[in-house]
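Look for chain A in each of the two complexes below; its partner is chain B in the first and chain C in the second.
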Partner chain A sequence: MVEYIIRRTLQMIVVFFIFLVSSYLLFNAIPGNAFSNLLLNPNLPPDAYQKVLETYGLDKPLGERVQLYVVNFFKGDFGYSYKYFPKTPIELIAERLPRTLMLFSVVNIVAFYTGFFIGKILAWRRGSKSETWITITSVFSYTVFYPWFALMMLWFFGYKMGWFPIGKFLYPEKWYDAPFDSDVIFSMMIKFTLVVSLLQFFAYTATRGIEALSSRRNIRFASLIAIFIGSYFYWNTGEALARKPYAADIAYHMILPVMVVTIVAFAGTALLTRTTMMEVLKEDYILTARAKGISQKRIRDRHAARTALLPVVTSFIFTIVTIIDGSVLTEQIFSWPGMGQLLLQAVLEEDIPVAMAAFSFVGVFALIAHLIADISYSYLDPRIRVKSQG
Partner chain B sequence: MEIDNAKEKDLQKKLRRESFKRNWKLFSQSKLGMIGLGIVSLFLILALLQPFLFLTGIWSESIYHPVVGYDQIIEEKLVVECPKEYPTPKYETSFDCPAEGEVQKKMLYLAQGVEVGDMYDVYLQPAPPSSKHILGTDSLGRDVFSQIMEGSQVAFVLGLLSATLGVGISTILGTIAAFFGGRIDAYLMRQSDLVLMLPTLPLLFIISAFAELKIWHLAVVLGVLGGLGGSVITIKSQALQVKVKPFVDSARITGGSQRKIMFSHVLPNVAPLALLFMVFSVTGAIASESVLSFLGLLNIDMSWGLMIYLSQTDGFIFSGLEYWWLILPAGLSVTFLAGGFYLVGRGLDDVFNPRLRKR
Partner chain C sequence: MSKDILVVDNLNMHYETLEGKVMAVNNVTFSVKEGESFGLVGESGCGKSSVASTLLQLQSDNAVISSGSIKLDEKELVGMTESELRKVRWNDISIVFQGAMNAWNPVIKIGEQIREAIREHYPSNSKKENTEKISELFKIVGLEDSIMDRYPHELSGGMKQRAVIALALSCDPKIVIADEPTTALDVVIQDQILKEIKKVQELLGLSLIYISHDIAVIAEMTDNMAVMYAGSIVEKGPTASIFSNPRHAYTRLLLESTPSVVGEKKKLRALDGEPPSLINGLDACAFSPRCPDPSDDCKNGNLEMKLIEIEDGHWADQCCVNCG
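Right after this comes the complex of A and B.
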């Protein structure tokens, strides 16, 4: 296993190197550069454009630039943004990332659980009338044209009903004399969400071993209530109390995007779970379990759902990878200034250092996620062991 | 010998016809599949109907052409003058004046000699649905129904081409990776890593920046990107599960060749997931096209995405359902066609995967 991970890591470094060079070349294939619009200004002296290019090193031949970029990249120097000059790409990403992570981690967790739960039930109730209707609903919520749907929801809930704000992630007037900037609140909210979901996960796994259904359910319910009480005390004491109104403001702005993306995202998981689960239900060991007289619910949750989880987890891990990619559209529609908008602007304005940093951030994320997916195979399905294969 | 050959061919034909009949029977038993087939064939008819209508001259191109057609819809309206103070017996608030079928005199300052109480011809753009234009016209006086038809042609070409290409590539590569393992597997997996690392939407922006994309180009780009990316990994994970099944071992023991085992034992069992992906990628292709034309990056005259883009830039999407014929048809078409493909895939699932059939 260790040998396998080491080999994979080496391969990953090679892949990353190829990725870095090819995406740098891709950005340079776009006609023009970030400063081309200077040429349109008749008031600038003719050599100003040339001077600017020299300052940013854009006058060097392409081969030399690629070499310089890659060498500096591995030294940890990502250059400066062309558009926001004194800022480095790292600073920009550090500012934008928490906003995107907060929004989409909530969305993904909610969508994954609802999707898996619904898919499980769909497969189990095969052929019933409710199955047909839930399937049709989820198919259309999966295939709905997303920008259109988001705009319609924005119109209905934001404009017609006026329940939720249209766009932006906070009310600027509320933050006028806030003693801290929004990123502090965002990182605090992320930590809070992470701790709560970890606690819930521990409570869930700890109670897994309890055989009796009623006592297991009671203990789980009690743990949920304990978490609620704990978070209530957390937000009403000390530092968190002062930050509460600001956090509430952000949370209020999050409701509509989370709702819209969840409606679109849950169905993919549900339909995938249904397909894999139905295949698993035909396996011999399910028949064996039935013959042993194990309760139906136990067969569904322990025997079938666990094996059916394999492709679902793979697709879930890749959903996490595509958070930043997928956030491009959502953030554009809800004017949520996160990573997606940063990436989009950088690409459109040919702000190469920022775009490269954002691209490689996504890339590293994807590589690690793929490794995790491969390792998790062997835990979820003991028949597939990572042996000598790639 | 030749007679034998002919006989064999006849027999094969007969067998094929019978298996088709059997499969059709299985497919028609699935309710969802039939609903999907209905939706898809409805759009197919729409797509094919438009050239037919133009060729037979039922529709004149100058009026009904989805891109350059133009039609004036004229409505007679009563000229009124809005009161300075509200409420009056006729209007309660200032929003009620002018009411339906009325036009303010103030707006007609260019028309000479129009008095209050006259009837005045107003050109309606966008015009609401009428018997001449089933779904009305857009803000440039073009027929929306004809645009929907053109959009479904684009969607069929793009969706089917890119999905077939993508799923073909990923199924073969995924099965090869699972079946042979070792170096080939490592290479293919790293390759799909590389494709996955590139964020799709920004990548499409970059490509459209240095290449003028037409529908065909976009279909190939989307197909190749989808085929080399994440679906290879998921299909490989499915193929790995199939590979360890007993029937593969028994095929190997009875002396089946590598190729035979791969194509007739492993591949058919991977097919359901591949079908699922095919439907997913039809949806994805239609959505990507719409998003790109939404941002004006494609070299396409008319598509559903472009229609939504136009209704958004003209500000109709936030006017609620007053101009519903500009907002709903295009969005619902994307949703229904993609959903229809999905449901067809579900029906085919029952046919190709014997283990999924009804108990």
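Right after this comes the complex of A and C.
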């Protein structure tokens, strides 16, 4: 396994190198001199302009520039933003990334679970009236033109009903005298979500060895309650208590985008789960499981849905890859100042160092997601488990 | 005389399809005694497996049991609710399916899949007890304990089939149905598995229903047998009696189509034609269109299908008893 990961990492470095060079060349193909934007920046003293020009070799021929860029990149030097001059792309990304991560990890988790659950039920109740209607609804939400749908939802829930805020990720007036940055809250929320999901995962794995099904269920339920109580105490003590209203403000702003994207995104998972699981239900081992006298629910969850999971996870991992680039549309519609907006602005305003850094970030993210996908396969499906060679 | 463990009485089952009712099981009556091995033989599509799935009430959704009863140890299975059936399945009656290759869920370890069955029926057992039980079963069927931690794809066909037998025995059932357990295996392994089943049956005093299209296997494995054709039993009785004195024309042809290793070399006979379509049922003798030398009664359809006792315990369909 270790050997496999090392081999894959080396491959990834090569792929990333190609990705980096071709992105640079593509940006270079944009007409006009992007660098001259820098001259228009009033924050920039003339000698600094000259210095940047020399450091990054911007007056050199293309070949040398690419070389210099790649070398600097691997040194961790991404240059400076042309637009927000003293800031580096890394600073900009560090500010935007938690916002995007928070929003889209919630969206993806919610969409995956709803999709998988609904797909499972659909396959199980095949032929019933409810199945027909839910399938038709899923196909609708899978094929609907997303920007139109998002705007309609925004109009209805935000404007007509007034339940949710229209755009932005917080009420600025609330944050006027806040003693900290919104990023602090975001990273706190991300950490909290991560810890809670990890705890739940451990509770689930640790109880797998318990033989009696009823006590296994009880212990799992108890652990869930413990986690719930634990999080209640966390948010009501010390530092977190002071931050709670701000976190609640962000969470409130998240509801509508999460809901809209989930409605669009769950359908793919649901329809895929439905199809795969209907195949699985025809398999002989489902008949064996029924003959063993196992309960219907357990056959559905443990035997059918578990085996149908693999293709679903594959498609899900590819969705994760689009977290950042796919967020461009969503963030634009909901005025959510995350990575997607940063990317779009950087490209439109030819802020090339920022755009390059953001793109490379997406690239790294995609490569890592694929590696995680490959590793997680081996846990999901023992048939393709990687054997160490030798 | 030991008591009857399974009594199937006048069982009728059909599948509802768009083209009509497919009468898959017609008036099937037989019984299996404690410790007895009972064979069910017939060509593909004659309803053997339909009988097997009906015995466990595992028939597909479009199957309808129109009449008849299945009594397992005095308990009536037809008309039981799903939760009552769940208690009976595996605990009282278990099955070794056709094609062990696909009988295992590919993503769950063998041991866990067996343990799952035991856990369902003996929820108070500890993990250690269950592991000991499986290890004991593995010893009987000739498998190493380490197989428990293997996934199905890591096992050979023969090992999988042995494990399936262990699985079938895991809840100490009163009766085991073996539905063509050797279909997907090569001859050498087939022979091993058959010996294994026979050994287990004698060791544990199990009742066994052995379903096969291979009449030679039935001869080797069973005490009593029934021959099925087009959804009906056409001849039944002690295996020795049927082999020495086959009365139904179909049974005779079935025997003559199998080569014998010893004795003089005979020309094998083949049966012309196809089995009749079972859609909307059959009147009179199902076999007469294919009967090589039908008697007058058979040809004219004078006699309905009805088993008559020819000698002690040996029954045959009256229609074809006198055919060629």
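Here is the rule we go by: the second predicted complex is superposed on the first by the 338 of 390 C-alpha atoms of A that agree within 3 Å, B and C clash if a C-alpha of one lies under 4 Å from a C-alpha of the other, contacts with A are read in each partner's own complex, and residues count from 1 in each chain.
We take it that a contact is a pair of C-beta atoms (placed from the backbone, for glycine too) under 8 Å apart; a residue touches a chain by one contact, two chains touch by 3 or more.
Values in this document were obtained by computation on a predicted structure and should not be read as measured data.
A.B. asks: Taking chain A as the common reference, can chain B and chain C both be placed on it without clashing, or not? Answer clash or fit.
C.D. replies: fit
A.B. asks: Please indicate which partner A:S23 is in contact with in the superposed arrangement: first for chain B, second for chain C, both, or neither.
C.D. replies: A:S23 sits against chain B, while chain C stays out of touch.
A.B. asks: Specify the partner with more touching residues on chain A, choosing between chain B and chain C.
C.D. replies: B
A.B. asks: Could you tell me if A:N218 is touching chain B, chain C, both of them or neither one (first, second, both, neither)?
C.D. replies: The answer is neither, since A:N218 touches no partner chain.
A.B. asks: Taking the superposition on A as described, I'd like to know which of chain B and chain C A:L343 touches: first, second, both or neither.
C.D. replies: Once the two structures are laid over each other on A, A:L343 reaches chain B alone.
A.B. asks: Using centres of C-alpha atoms, tell me the angle at chain A that chain B and chain C span after the overlay, to the nearest 10°.
C.D. replies: The angle comes out at 80 degrees.
A.B. asks: For A:Q67, using the defined touch cut-off, is the partner it touches chain B, chain C, both, or neither? Pick first, second, both or neither.
C.D. replies: Once the two structures are laid over each other on A, A:Q67 reaches no partner at all.
A.B. asks: Of all C-alpha distances between chain B and chain C after superposition, which is the least, in Å?
C.D. replies: Superposition on chain A places chain B and chain C at a least C-alpha distance of 7 Å.
A.B. asks: Once the two structures are fitted together, what part of chain A is touched by chain B and by chain C alike?
C.D. replies: 381, 383
A.B. asks: Quick check: in the complex, which residue numbers of chain B touch chain A?
C.D. replies: 31-32, 35, 181-183, 185-187, 189-190, 193-194, 196-203, 205-206, 209-210, 230, 233-234, 237-238, 240-241, 244, 272-273, 276, 280, 283, 286-287, 290-291, 294, 304-305, 308, 312, 317-318, 320, 327, 330-331, 334-336, 338-339, 341-343, 346, 349, 353, 355-356, 358
A.B. asks: Considering only the defined contacts, which chain A positions touch chain B in the complex?
C.D. replies: 11-12, 14-16, 18-19, 22-23, 26-27, 29-31, 127, 132, 135-136, 139-140, 142-149, 151-152, 155, 159-160, 268, 271-272, 275, 278-279, 282, 310-311, 314-315, 318, 321-322, 324-325, 328-329, 343-344, 347-348, 355, 359, 362-363, 366-367, 370, 373, 377, 381, 383-384, 388-390
A.B. asks: Which residues of chain A touch chain C in their complex?
C.D. replies: 209, 211-214, 283-285, 287-296, 302-303, 306-307, 380-383
A.B. asks: With touch defined as at the start, can you tell me which chain C residues reach chain A in the complex?
C.D. replies: Answer in residue numbers: 56, 58, 82, 85-91, 94-95, 97, 99, 102-108, 115-117, 119-121, 123-127, 130, 151, 153, 167.
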